[in-house]
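Two complexes are shown next, each including subunit A; its partner changes from subunit B in the first to subunit C in the second.
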Partner chain A sequence: MFIIVVILAATLNFIIPRLAPGDPIGAVLEELRARGASSGGDAEDEIVAAYRARFGLDQPIHLQYLRFLFNTLRFDLGYSISYYPQKVEAALLRSLPWTVGLLAFSTLISFAAGSFFGAMMAWPRAPGFMRRFVPMFMVLSAVPYYLLGLILVYIFAFVMRILPLGGAYSSGTVPRLDLEFLLDVMRHGALPALSIVLTSVGFWALGMRGVMVTVLGEDYLTLAEAKGLPDRRIFFAYAMRNALLPQVTSLAIALGTVASGSVLVEVVFNYPGIGWLLYNALRSSDYYMVQGVTFFLILTVAVSVLIVDLIYPLLDPRIER
Partner chain B sequence: MIETLIHRGKAAGIYTLRTPKLLLGLILLSSLLLLSLVGPYVVDVDTARPISVATNQPPSAKFPLGTDSGGRDVLAVIIVGTPQTLMMGVIAGLVGVTLGASLGLVAGYFGGRIDMVISTCTDVMLTIPPLAILLVVAASVRTMSVLNMAIIIALLSWMFPARTIRAQVLSLREQPYVHMARLAGLSDIRIIFEEIMPNILPLAAASFVGATSGAILAGIGLEVLGMGPQRTPTLGMTIYWAQLYSALIRGLWWWWLPPIIVLIVLFVGLFLVSAAMDEFVNPRLRRTG
Partner chain C sequence: MSQDTALQVNNLRVSYMAGEQEVKAVDDVTFSLYPGERLGIVGESGSGKTTLALALMKLHKPPAYIMGGEAMLDGSDILALEREDMRQTRWSKLSLIPQGSMNSLNPVVKIKHQMADAIEAHERGWTRVQIAKHIGELLGRVGLPESVAEMYPHELSGGMKQRVCIALAIILEPSVIIADEPTSALDVVVQRVVMQTLNEVQEQLNAAMIIIGHDMGLMAQSADRLAVMYAGKMVEVSPIGSFFSDPQHPYSQLLISSLPSPEEKRELAAIPGSQPSLLELPTGCAFHPRCPAVVDRCRQEIPLLRRFSDERRAACHLVEETAS
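Take a look at the complex of A and B:
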């Protein structure tokens, strides 16, 4: 299954950009022409031929495909066309920490908060105000995060001017590892993270509530109560532990899709992660960059699904056999 | 088949009156529908074109929602854009669910090798992040229209319906009345259409609402990135232009806030309807909340 997904992903990646009418070399040339750096004519044809040879675009399509498949599986994603001679892997590695830092962090926060709230919402002995959160969560979970993000930017960055408008750190600062820079990064990450947490906490809460309702009807819970166990213990060790299992599956998938979910949030907030990279590569029809990023995105999902399958028996000992 | 449908309809009707969710959701959605139906008679929709009115006007009696930097009346843009978004979602949802339901039906009913092929495809497609593929496809398509955007999105939204319906058909296939029908010599086609179809329709309807909402979400995402239809003004495109012209930091709130509010109303409405339908199909969810 894992292998099929990876090969299929690589193939899709190869085919789709090539269905496009434009070609990347032409796009680069057009840009050169616009800047007055090229005048067209014979010299230009030579440049095109030279570039096509360099990127292997002059070979028959099946040879291109085989070479592509082989290189992809070695994780050699080729050179970026717009930023030649930078390699695609290098660009990916540079953007990855931002995406992982921002999105994985906010996904984990909303998972923890959402699961806890969701469990409380189903718990009959929870304080009454908990149940009043249900409609609020429902409404928030239906709102796309980037739309909420725009509203948050307006309120906090434009009207109140307490948080920056976008970017991952203040322009002019050089990324380094000290407290000042870290605080700067956190200030910049606050709004995108908040918009993701607010809109996704409802998803986790509602999912958790659904499972929790089922778990609460189980016989072992009645037994635990009959034994006179303290409420807190029943809630955490009996009900929540069991209700969390299906949630963990969704968490792994959510973490896997973190990178692809990041496209919109990163574009809205000018955040220099993987999504931003993909968006710009698409704009400049940079084949290899697009292929590299999409392949990477699909790979992360496939890997996280695989990891769930592998660690699930550890979380739920009943599955072992 | 007709009696079953009428019976189902009645049950759904009675259920509607008991839950406020469906009612509220329908009110939200029909208000948007009303806006796009009545709007063109009240507001001159030609002012949705660029350079047709003065630029950057704040809301006033003449322009209730102001105008943008491209010289469009924001209210007119909303009135023209909302039905486009609804239409895109409904087409994509219908195509996606029809495709998914047929595949799920075939896979679940016939089983065996066909089932294996269809299920593997579904699972593989489910692991591929749709937005990544959508972006690549959208960037490859030169001229995007509302219709071909709907089709592209539909091709990526059949997997969930296919999976839910396959599961349902698997259990329906073993029901005594299906066995009876088979013993009575009914053909596969008649069993599928007369015995199984009526029982998966509520589920298909529930997944239709979900698929529509997902399709609109994906479509708006593309439009906000500036990769949606270029000729017709859409809600997402308005947000894209507002972003491009930094309407946010220029304080032109009347430019980007109205499309966002319309979209939020739309998504909440769809969410409520789909939650209510899920409860109708799956009574276990009704217990709390």
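Take a look at the complex of A and C:
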């Protein structure tokens, strides 16, 4: 199943960039011409042909496909056209830690906080102000990531100037593992993370609230209360524990939308992650890079769904492995 | 009020508030429960049986409110207890065998943990080993293998789940057990054996038990006394033998004649009409529009539950008049 998803993803990946108008060599040439660096003529045609041969673009489409599939499965994603001779996988590996760090961190925070808030909003013995959060979460979950990102940048980085405008670390510093650099990274990550957390926390909270209301009506909750269990135990072990199960399923699905949604966040915040890479690759028709990034995104989703699938039986004994 | 009652309920009133309107689901109910006794409570759906059971454990949820009355258990009125005291009282003195046993166990927690947390919540100071041993022994008492402790609810059949609920109900040896339709989710064969198990463990503990249900056959086999509820009120309370041989309230009489009997072949009688809406109760006796023996007084005056012989009480003007 996992293998089929990967092959299918690779195939779509091959087809879609080739449906787009323009070709990569042409795009580079266009740029050179605009800068007056190329004069056209026979010499140029030869260069074009040479480059097409180097990237395998002169071969019939089905051979291109087979070669692509074979290489992809070996995780050889080819050379980047705009950053030649850099390999795509090298660029990916360089951007990966930033994206994974940002996404894993903010998604987990938002999942945990949202689920807890959602559960409290449905809990009859929670403080009354909890219920007032509902409309706020509804509004937040309707705002797109990047829009909130822009607003946050404007307020915190432009007007108040307490957080940096963008980037993953201050320019001029060299990535290394010490406290100073870590703090710098956290300062830079704060706004993108905050925009992801704020816009997705509502989704988790409202979802959790809905499930929680159903769970609170279950007979086992009445019995738990009849047993004289303390509220805390009923809330966590009986109500929340059961209401979390559908939330975990949503988490697997949401990871996909979060991964692609982060592209825009990274563009807004100039964050050197996978999304930023994809954005630049798209602008320069860098086939191989686009293929590499999208393939990688699909792979991430497939892997995270796989992980959730493997974890699920541990959470719900009714699901057999 | 004698000291030897396990539970003494006086003038209990529970209402559902529908806006400004008060719907009396349990209306002025008084009864006593003696140690070791099994009291059956029967009535149609909506007659207030389950509301009564939940209110006795203070598990009723808004819009249901206790409007008055008291329930004396072990020398104190449980209806007046604070939250934390009530929590401690639940299960240690008063336990519940739930109606929907199919979903009464937490689906994602092992049976042993669901049993152990009831003990832990009441700080008996037992060690883990003692708790585990106690659970194993209890499962044995309700006829389940000890291995059930390690299982999840979905691995058990309906009958087994209900046995787990019975074992759970006696885990702290309460003096009162409330069984709310304990077998209604089970098929007839399993019903019988589960009911036998329930009766056995109740006798061993000498606990008093309230059995709520509408299965008259089951009541005839299990209960010592029977209370009939109609539209939120108790209309007759009698020892089981005299109830079946000589029912007093017209509603009880009709209930019994609607039961099939193996001895005589006769047409089963249905009770004409249906239970009135609690929102628009008829004046006087709530049963008078359906009562075959209705007289003028029934339409005006609400009959009270009065003692008419040593152990029997009924709420009917006619019974009152013939007795006096």
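Definition applied: the second predicted complex is superposed on the first by the 313 of 321 C-alpha atoms of A that agree within 3 Å, B and C clash if a C-alpha of one lies under 4 Å from a C-alpha of the other, contacts with A are read in each partner's own complex, and residues count from 1 in each chain.
One rule holds for everything that comes next: a contact is a pair of C-beta atoms (placed from the backbone, for glycine too) under 8 Å apart; a residue touches a chain by one contact, two chains touch by 3 or more.
All figures in this text were calculated on a predicted structure; none of them were measured in a lab.
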Regarding the shared-chain residue A:L315, is it in contact with subunit B (first), subunit C (second), both, or neither? second
Just subunit B (first), just subunit C (second), both, or neither: which does A:A190 touch? neither
Would you check which partner chain A:V100 touches, where first means subunit B only, second means subunit C only, and both and neither mean what they say? neither
Between subunit B and subunit C, which makes contact with more of the residues in subunit A? B
Quick check on the superposed pair: does A:T222 touch subunit B, subunit C, both, or neither? Answer first, second, both or neither. second
Of the two partner chains, subunit B (first) and subunit C (second), which one does A:P144 touch, if any: first, second, both, or neither? first
With the two structures laid over each other on chain A, which partner does A:L108 touch: subunit B (first), subunit C (second), both, or neither? neither
First (subunit B), second (subunit C), both or neither touched by A:R241: second
Once chain A of both complexes is superposed, is A:V303 in touch with subunit B (first), subunit C (second), both, or neither? neither
Following superposition on chain A, which residues of subunit A contact subunit B and also contact subunit C? none
Subunit A contacts subunit B in the complex at 1, 4-5, 8-9, 12-13, 16-17, 19-22, 121-122, 131, 134, 138-139, 141-144, 146-147, 150-151, 153-154, 157-158, 165, 209-210, 213-214, 257, 259-261, 263-264, 267-268, 278-279, 282-283, 285, 290, 293-294, 297-298, 301-302, 305
Subunit A touches which residues of subunit C in the complex? 54, 57, 59, 61, 87-92, 95-96, 98-109, 117-118, 121-122, 152, 154, 165, 168
What residues of subunit B sit close enough to touch subunit A in their complex? 120, 123-124, 127-129, 131-133, 135-137, 139-140, 142, 213, 217, 220-221, 224-225, 227, 239, 243, 248-249, 251, 253, 256-257, 260, 263-264, 267-268, 270-272, 275, 284-285, 287-289
Can you list the subunit A residues touching subunit C in their complex? 124, 218-220, 222-230, 233, 237-238, 241-242, 245, 315-318
